[in-house]
Every structure is written in C-alpha cells, then in structure tokens.
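Read through the structures below before going on.
Across the two complexes that follow, chain A remains constant while its partner is chain B and subsequently chain C.
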Partner chain A sequence: MKRTITLVLFSTGIALYCLVPFLWFVLTSLKSNAELAAIPPVLIPSFHLDFYRSALHQYGLLHYIVNSAIVAGSATMVTIAIGSLAAYAIARFNLKWTNFYLFLLLAISMFPQIAIAGPVWTMLDRLELLNTYPGLVAAYISLSLPLAIWILTTFFREVPGEIEEAALLDGCSRIQALYKIVLPLAAPGILTAALLVFIHAWNEFFFALIIMTDPNVQTLPVGIALFPGEYTMPWGEIAAASTIATMPLILLTLVFQRGIVRGLSAGAVKG
Partner chain B sequence: MKNSARAALYFLLPSFVFVGLFSIFPIVESFRLSFYRLILILPWLGQKMVGIENYTDLVSDPVARDAFGATLLFITVTIPLELLFGLGIALILNQTFRGRGLLRAVVLIPWAIPTVVSSQMWRFIFNDRYGLVNFLLFGADTSRYIAALADPYLAMISIMAAEIWKTTPFAALIILAGLQGISDDLYEAASVDGASSWQKFRHITLPLLKPALLLALLFRTIDALRVFDLVYVMTQGGPADATNVLQFYGYKKTFAEGMVGYGSAIAVTVFAMSLALSLAYLRVFRTSRLQGSNP
Partner chain C sequence: MKNISFDVADGEFCILLGPSGCGKSTILRLIAGLEAPSGGEIFIGDQRVDLLPPQKRDIAFVFQTYALYPHMTVFENLAFSLRLRGMSSQEIAVKVNDAARLLEIDGLLERLPQMLSGGQRQRVALGRALVRQPKIFLFDEPLSNLDAALRSSMRVELARLHRRLGATVLYVTHDQAEALTLGEKIIVLDRGEIQQIGSASDIYHKPANVMVARFVGSPQMNFFFGEVADGGAALQCRNLRLDLAGLLQNALARLSGQALTLGVRPEDFHVADDDPGWINGDIDLIEDLGSDRFIHVKYGDIDVVARDGREKSSRPGDRIGFNVDAERVHLFLDGKRIEP
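Coming up: the complex of A and B.
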C-alpha cells in the first residue's frame, strides 16, 4: 500500500515535470489576443484558433513546414541507405579496421558543431550549395551517419548469419543478401534508426542557421528562432508555430516509444 | 580474406565520402585556420600565417575567459542535477506498475521537442509580463514581476533550467538501461539476508550502475559543452555576456564578425576540451569496468 502511494506520487510528479511547461505553451497558442495580453496570465484559454491562422497566413509557416519535411525526409532516406551498407559491412565482415571505423564514428559524433562549422560553410559556398536543399541535406547526412551506423550495426548483428550464408552459397550476391534477407529481418532496427535520424534533422538548428540565410529555404527551427518582432514578440503565433512543429514528433514518439528507447540505449550501453 | 576486405571497402565507401568531406576535412581545416589571420570583412589582408597568435590572443581576451567560465559553470551545475533527476526517474520507471509504458512515453516528450521550440517556450515561461514563473511566484502582484532574462545571474539560471528540463529524459533512459541489466537474483539474495531498501540501493544498485552513470555523464557533458540553441534564442549571450558560452562566442566571432582565424582558435579549444573530457571519462570507465569484472 505504502509502495503504491509512493509510486503514484512520484509518477505524477514526473508526468507534471515533463508535461506542464509544454502544455502551458500549447494553451498559450489557443488563446485569443485579449487573453494573451492579460496580466496576470489567463490559465485556461477559450480555445481560439486565431494564432494558428495568423502563423500560417501572415508568417508563412506552411513554407517552413514544407522545407523541413523536404530536408529531414531526404536526409533520412539517404542516411539510411548509406548507413545500411556501412553497417552491413561492419556487422558481417567484422574486420579490425571496420571496427576501428565504428569507434572513429563515435568520436566524430562528439565533435562540437562549431569545430567544423566554418570549413563546412566555406566548402558549401564554393560548391554554390549555400541556401539550397542539397547543401543542408548533405550536412545532415554526415552528421547523422555515425548514430545511424551504430544503431544499424547493433541490429544487423542480431540477425542470424545462417540464412544469409545459405543464400550466398546458392549464388546470391552480398548486395542481394543485404536487400533480400538482412534488411527485412532487421526492419524494426531500420525503423528506429530512421526515426532518430528524422527527429534529429527536423530539430537541428545550428547548421540550418548558418547554411540557410534565405527565408525561402529556411527550416522550421530557424523560422521559429528568428520569428520577426524586436520589441513586441508575437507570442501567440510563436506558440502556435512551436506546437505545429512539435506535434509530429510527439506523435512519432508516442507510437514508436519502445523502438526509440531501444535505439537510444543500443549504441550507448553496449559501447 | 583479401576479398572480404575489398567488399567491405565498397560497402563503406559512400559513408567515407560524407564523413571525410563534412567531418574529417573540416576539423583538420579548422585546426589549420586557427594558425592564420583571416578576416572576412578585410579580404585584402588575405590569409596570413601568424603562428600561435590567435591562441595567445584568446588567453588574454577577457570575453573569452568569461565565456570559458560561463561554459564551465553551465556544465558543473546542469550535469549533476540531470543525472540526479535522471536516476530518480529511472528508478521509478524500473518498477513494475500499471501505466509504466505511458509514463515512459511521457518522459520522452521533453527529449522529442525541438531545442529551438523548448528555448522559445522557456523564454516565454520566464517572460516578465506573461510568464508562468512570475505568476506562480507572485500571483496577481504584477509590480513584483521580474525580467529574469535581463538579469545576468537569473538569465544563467534560466538557461540552466531549460537545459535540465530538456535533457534529463536522455540521462534517465541511459540509466534505466543500466538498471535493467542488474539481475533480480542479487536483490532477492539481499532480501533473504535481511538487507533494507537503502542498503540494497547503496551496495547493489549504485556500484553496478556505475558504468551507465559514467556513460550518461560522458554523453551529457559533451553535449552540454556545445550548448548553442538555448543561448541563441533565449539570451543571445547576454545580458553583459553572462551567458556567452564558448560555442556561441565562436559562432559570433566566425559568422557575425568574420574573424575566421580567431573563431577557429575558439573552435579548436572547444574541440580539445571535449576530446580531453571523453578520454578522461573513458579511462575511468575502463578501470571501473575492469574492477567490476575482477572483484
């Protein structure tokens, strides 16, 4: 009995800690102009959608959503394709230098962004890829590859080698073995890696800020960070845009939480 | 044998291209540029080799020294609290009860929110007129409302609070994975011997959790060292450079002022700090693991 009460108390505390700050922002996005301007603040709004309308029409939010979807979507697809090839080689051939490469990737994933930002910017400038989707996508692919390869390698190692060896003996090529046998069997792992890469690319701000200076190609995080308004911040619209930017991630997280938890701890605890 | 090495090379080649171009080459180039004077707004000066001048300038630059201090302060306050809260959350999530799956999903929410969104959110929560914090502290008494982000100390505390809120779930998940690796038999044996809950926690959980705690410490420290989004959105490094952390200072020097050489010296310093920290932790991690396997 005492245990149940303690658990309920602590669980409620944790849930409030995680939910209240964001809920406050969501409630703000549903206020009317008068409710937003009220001091002290109104806690429960009258559920207006004005700020959503204004964010979409006046501030061109849709545009940022489309840019984010294009960038995060293509970065995820290419990263998973390239990452699967690499992870397959590391998991199956198990050579000394491929294992070393895996640790090199771990080290690279710890680079502070500022340590590579200048040269990345200069290189994209010379290739005339600043303010283009391919430029930002290329940067995201290389930023996400270490995490993707780590997670995929962990999952590929769990796929038993026997079926594949039989297929290889039957004259199946390595690439066919990867696409026809390993990938379907490791589908949950691929989904996890894809989710984490997508969430990372959807949320990334630093490189998006320096690579995309033209508002026409900017992604959601840049749009939300640079929301126009020096003296009076349009808090209602910012809250509405933030809610829209976050909802897909919260849905993905709730639906796939098991896989995400596993993916996040896969690289971490086994390393 | 040779065949599989060549096959592995083909499979890995595409990843080499991206990692080489966007990670290895830039880090080497940053290192090289940190020995040059290169100022984008003064292009006629060109690229001039100046040896370690950028680094000596960095040491005598009072703003850089404050940035170093701000970064260290930020790390030393946020990391212990994140690990403590993370441990608490992990201990609860490791119990079996109805609704555990739901609670685990809820814990993931701060992690999933884009950092820019959570930065705007906390900026609003600390707002001097509409903010939730002022309302909870002072109610309707608006005359006492504080502009936290305009005060050097409170601004630092505000970005720390925002960071802790957002990253505790990650620490909790790593610690939870560690907890799940501890065998139930140990606890049962201890119960038979009449150990109290505290004794079990102190003598079974904590020692066996050490690798997971160290790992969470490592990942969190390296990540906190590169805090940027929060500062950019909430304070722009201010007021009076109070929250001007190193990564933000490096960004400002390189991209706002075009001081590429000097900015690279800051970048290399942040990189060296993160490298030194990783190596130090890995050393401790390895020795603790060895001790763990030969008690």
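Coming up: the complex of A and C.
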C-alpha cells in the first residue's frame, strides 16, 4: 500500500513537471489581453478565444497547418515505405553487413543537425529545391530514416520466420509474403514508427527555418516563431498557435495509444 | 551434411529420425526450398526441384510451431493457398469444409489461431497442408509441442489419415516412438550422415551400428565394450570377463584380440531364477512403470538394465542373475554391426 502511494505520488510529480510548460501556454492562450499583462500573473484565465481568432485570421495559422500537414504527411509516408523495405531486408536476409549497417545508421542519426545543415542547404540550392515541399520532405526523410529503420527492424524480427516460410510454401512470392503476412503482423511497429516520424517532422524547426524562407511554404514551428514583429510580442497568439499545433499530436497518440504501447514494449517480452 | 541420398516411394510414410542437430530438419528445409543446397540434386517425381523457388515446388510443410497466420481466421488460414491459386470462392469453401470435417475442426472455422488450444492449432496446420493436395507432405516435428497424451492420440490419427489419403509423407522427428509407429521407412541420421535406412523392425532388431542401437529403444540397449579373448570364448571388458563360450559357440574365434561391442536390449534379458545366470549382480534400482518393470543391476562397474517379466518382484539389494538368447545378442566391430 505504502509502495503504491509512493509510486503514484512520484509518477504524478514527474507528469506534472513535464506538463507545466504545456499547461502554461494552454492557460495563456485562453487569457484576455488585460489578464496577459496583469501583475501578479493571473493563474486561472477567463477563457477568452480572442487569441485563437487573431492567430487564425491575422497571422494565417491555417496556412501553416496545411504546410506542416503536407510536409510531415509526405515525409512519414515515404520514410515508412523506404524504411520498411530496408528493415525487412535487414531482419530477414542473412546478410553479412547488417550489424555494421545498423551501427552506421545509428552513428549517422547522431550527427548534430548543425553539422549537416550547410551541405544539405547547398545541395537543395543546387537542385533548386529550396522553398519547395519536396526539398524539406527530402531533408526530413534523411533525418528520420535511421530511426524508422531501427524500429521497424525490431518489429520484423518479431514476426516468426516460419510464418513467412509457410506463406512462401503456400504459394506467395516474397513481395506477396511481405504485404499479406509480414506487414499486417508488424502493424503496431509500423504505426509506432510512423507516429514518431510524423511527430518529428511536425515539430522540426531548424531545417524548416533555413530551407523555407518563403512565408508561403513555411511550416508551423517556423511560422509561430516568426509571429513577433519588430515592435510587437504577441504572446497570446503564440500560445494559441502552440496549443493548436500540439493538438494533432495528442489526438494521434490517443487514437493509436494501444498500438503504440504494444509497439514500444515489443521485443522486451515475448508476446 | 554429406552423402545424403535416399528415395521415398509414392504414397510412402518416410521418417527422418535422429538426435537434435543431426541435420534432419535441414534436409526437410532443403527439399522445401527454404534453404539452398551447396551441391546435389533433389527430384520430386521426374522433376528436378532444387533450383525452383519454394512456391513452385508444390510441397506442403507442417511446422513444429504450427506457423499459422495469426491475423487470419481458421477458414482464411486454410483458404490462403487456394486463394493464391485463384480458385473460386465456392470451390475454396468446399475444399476447406472437407478438410475441416476430416480433421474435426469444422466448428472452429471462424476463430483466430490465438483462441485455439495446441492440439487444435496442430489440426489447423494439418488442414492447411491437406487442402492443397500437394505432391508431398513435409512434417517437421509436428507433435513435439503437444503434451504426452495428445501426442500419442495425434500419432494414431496421423497414421489413420495417411492410410486414408495415401499421401507421400516425409516426417522429421527425434521421438523414436513416433518413428517406429508411423514410419514405413525410417532413415536414421546422425551428424549429417545417414546411419541406416530400413523398416521399423530392421532398425530395432538389426541396428546397423552402435549409434542406431543406442538411439532407438527405451530404455537404451546395454553395451559391453571389450576385447575378444580366449580364442573367442570370452569378452574382456576391463576387469570383467564375459563368458561367451556357452553363448556364441566360438563364433568369434576369428576376431580374437579385437575390440568388440556387445549389445543386449533390456527386454531380451530374462531372469535366471535358480542357477547363477550369464550376468549376475546386486539390484541397484527398480523402475516400475506399471506395464513394465526395469531392474538396474550393478555388474562390476557396468550399469545393466533388464526388463523383469516375472510376476513377483525383487527388492533393491537382492542378488539376481540374467540370461540372454544367443540370437538376441548384437555384435558391433568398429561400431558396425556384424553377424556372428
């Protein structure tokens, strides 16, 4: 009993600590202008929606959301498509270099972004892909592929080889066995990988900032960061936009919660 | 694996028997095309298949782990291969229902594999093989995940099924009871080599070498390793001397001085009631299995096991003697069987 109480207190503490910044901007977004400037600060807002209106209408938030959805959505789809083929090969074929390859992927994913920003920008510039969706999507794919391949490899390894062999003997080709048997069985893993890639692309700021200088194609994080003008600091609108930007991620996570929990814990214990 | 060569006749139930790691599963996987051979040829009928991909070989494989498709119902599991062949749904329904009825799983068709017991899963795996009517069935230790009671009833059922369908079966097992009851032809393997090919009776009564003799039979055959002495009248096993004069009538004279292994199955011993027997010792342990009673005797430093066929039982510590008939004695020279 005592243990349970300690555990509950401890986990609540951690959850609160993580949620404070989020709570802060959610509460801020619901304040009125007067409450925003009040000293001492007002804790409980009066639930004004003014900041949401102005974020949407004056600052063109919807436009950024569309850009973000296009970029994050395409990056996720392409990453998972390429990543699952690569991961399948690593998990299934007895290739000599798979461990080295996985190590290489891990090493690459640890490069600081700032170190590759210059070359990436130059390449996209030469290819005339700056300020285009494909340009940013290409950058995101290269950033998220290593993680996706790692996750998917674990999941494909979880699918017993004999089930796939049974499919081959039943008359499947390799590709048929992959999409009829392996992919449905690895679905929680694919979901997990897709969600992580999507969240990363949705939140990514640095590459979006340097690749997308044209406001027409900018994504949410960049758009919100550029809300402040020369003489203005629209805290309320920033808070409202941040709240809206977070919503899709929370919704996605809630919807796919069960699959993800299964996904993240797979490999730890045999199902 | 080396020098593996054997034929399975049409409609034959052939067993690959051997200890784990002897290469029996590998042979099955090579035939199925799940592994590629480094040399040699594999034929099914008149067609050479070792260069074909698995899906072109028309083989059904029943895995030890069943390998059912977990996301499909029993019906879909059975129908999967037929769908891939582009069969019409009516035809599929007929075939699946026939197989399901034969295996008594027709009440489970809408269930997912995870809702089935081990025995039911095994039947589904069998059904998946049956519906296809393949050229050959490959079984890779299909019963070893079942509990003992289920295993022996499935064993009988498999035998019945085979008799009814007349299918060609290649069956891998390390369980000699399965091998001896099911197999029309048994191939004993060890360390990647064929040790003996023969009927259950051949394998049991005329084991080709010490490995086969040791592997088949439970409890194991008793072995006496020694040197032929006294011009074939005795076998010198370290500090023990087995008298062969009355037993083999000097048949071993030509082998005088050579190392010889003598084997006797536990059930071939009979208790010498009055006189001292051929082998005498103190009872060390009695294994009473109900149907059989096995007596362990310390004969010098050799542990001898014999079946006690008598009504009355002895007690540990009692002195007991055994006799054996000459034709029940197995002789091995350099590990290979010889006839006296």
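The rule is simple: the second predicted complex is superposed on the first by the 236 of 271 C-alpha atoms of A that agree within 3 Å, B and C clash if a C-alpha of one lies under 4 Å from a C-alpha of the other, contacts with A are read in each partner's own complex, and residues count from 1 in each chain.
Convention: a contact is a pair of C-beta atoms (placed from the backbone, for glycine too) under 8 Å apart; a residue touches a chain by one contact, two chains touch by 3 or more.
A quick note: this is a predicted structure, and the numbers were derived from the prediction, not measured.
Participant: With both complexes overlaid on chain A, does A:I70 touch chain B (first), chain C (second), both or neither?
Facilitator: Touch status of A:I70: no partner.
Participant: Determine, under the contact definition given at the top, whether A:L168 touches first (chain B), second (chain C), both, or neither.
Facilitator: Touch partner of A:L168: chain C, not chain B.
Participant: Figure out whether A:Q176 sits in contact with chain B (first) or chain C (second), or with both, or with neither.
Facilitator: second
Participant: If we overlay the two complexes on their shared chain A, which of chain B and chain C does A:P184 touch? Say first, second, both or neither.
Facilitator: second
Participant: Applying the touch criterion given at the start, work out whether A:P160 contacts chain B, chain C, both or neither, answering first, second, both or neither.
Facilitator: Touch status of A:P160: second partner only.
Participant: In the superposed arrangement, which partner chain does A:T246 touch: chain B (first), chain C (second), both, or neither?
Facilitator: After superposition on chain A, A:T246 lies in contact with chain B alone.
Participant: Could you please specify the touching residues of chain C with respect to chain A in the complex?
Facilitator: Spelled out, the residues of chain C in touch with chain A are 32-34, 53-55, 57, 59-61, 63, 65, 67-71, 80-81, 84-85, 128, 132.
Participant: Which residues, counting only chain A, touch chain B once they are in their complex?
Facilitator: For this pair, the touching residues of chain A are 4, 7, 10-11, 14-15, 17-19, 21-22, 24-25, 28, 36-37, 39-41, 82-83, 85-86, 88-90, 93, 95, 98, 101, 105, 107-108, 110-123, 138-139, 141-143, 145-146, 149, 174, 199, 202-203, 205-206, 209-210, 220-222, 224-225, 227, 235, 238-239, 242, 245-246, 249-250, 252-254, 257, 260-261, 264-265, 268-269, 271.
Participant: Report the residues of chain A in contact with chain C in the complex, numbered from low to high.
Facilitator: 160, 162-163, 165-173, 176, 181, 184-185
Participant: Which stretch or stretches of chain B touch chain A in the complex?
Facilitator: Spelled out, the residues of chain B in touch with chain A are 4-5, 7-8, 11-12, 14-15, 18-19, 21-27, 29-30, 33, 88-89, 92, 95, 97, 99, 101, 103-122, 124-125, 127, 129-132, 134-135, 139-140, 142, 165, 169-170, 173-174, 176-178, 181, 211-212, 215, 219, 222, 225-226, 228-229, 232-233, 246-247, 250-251, 254-255, 260, 263-264, 266-268, 270-271, 274-275, 278.
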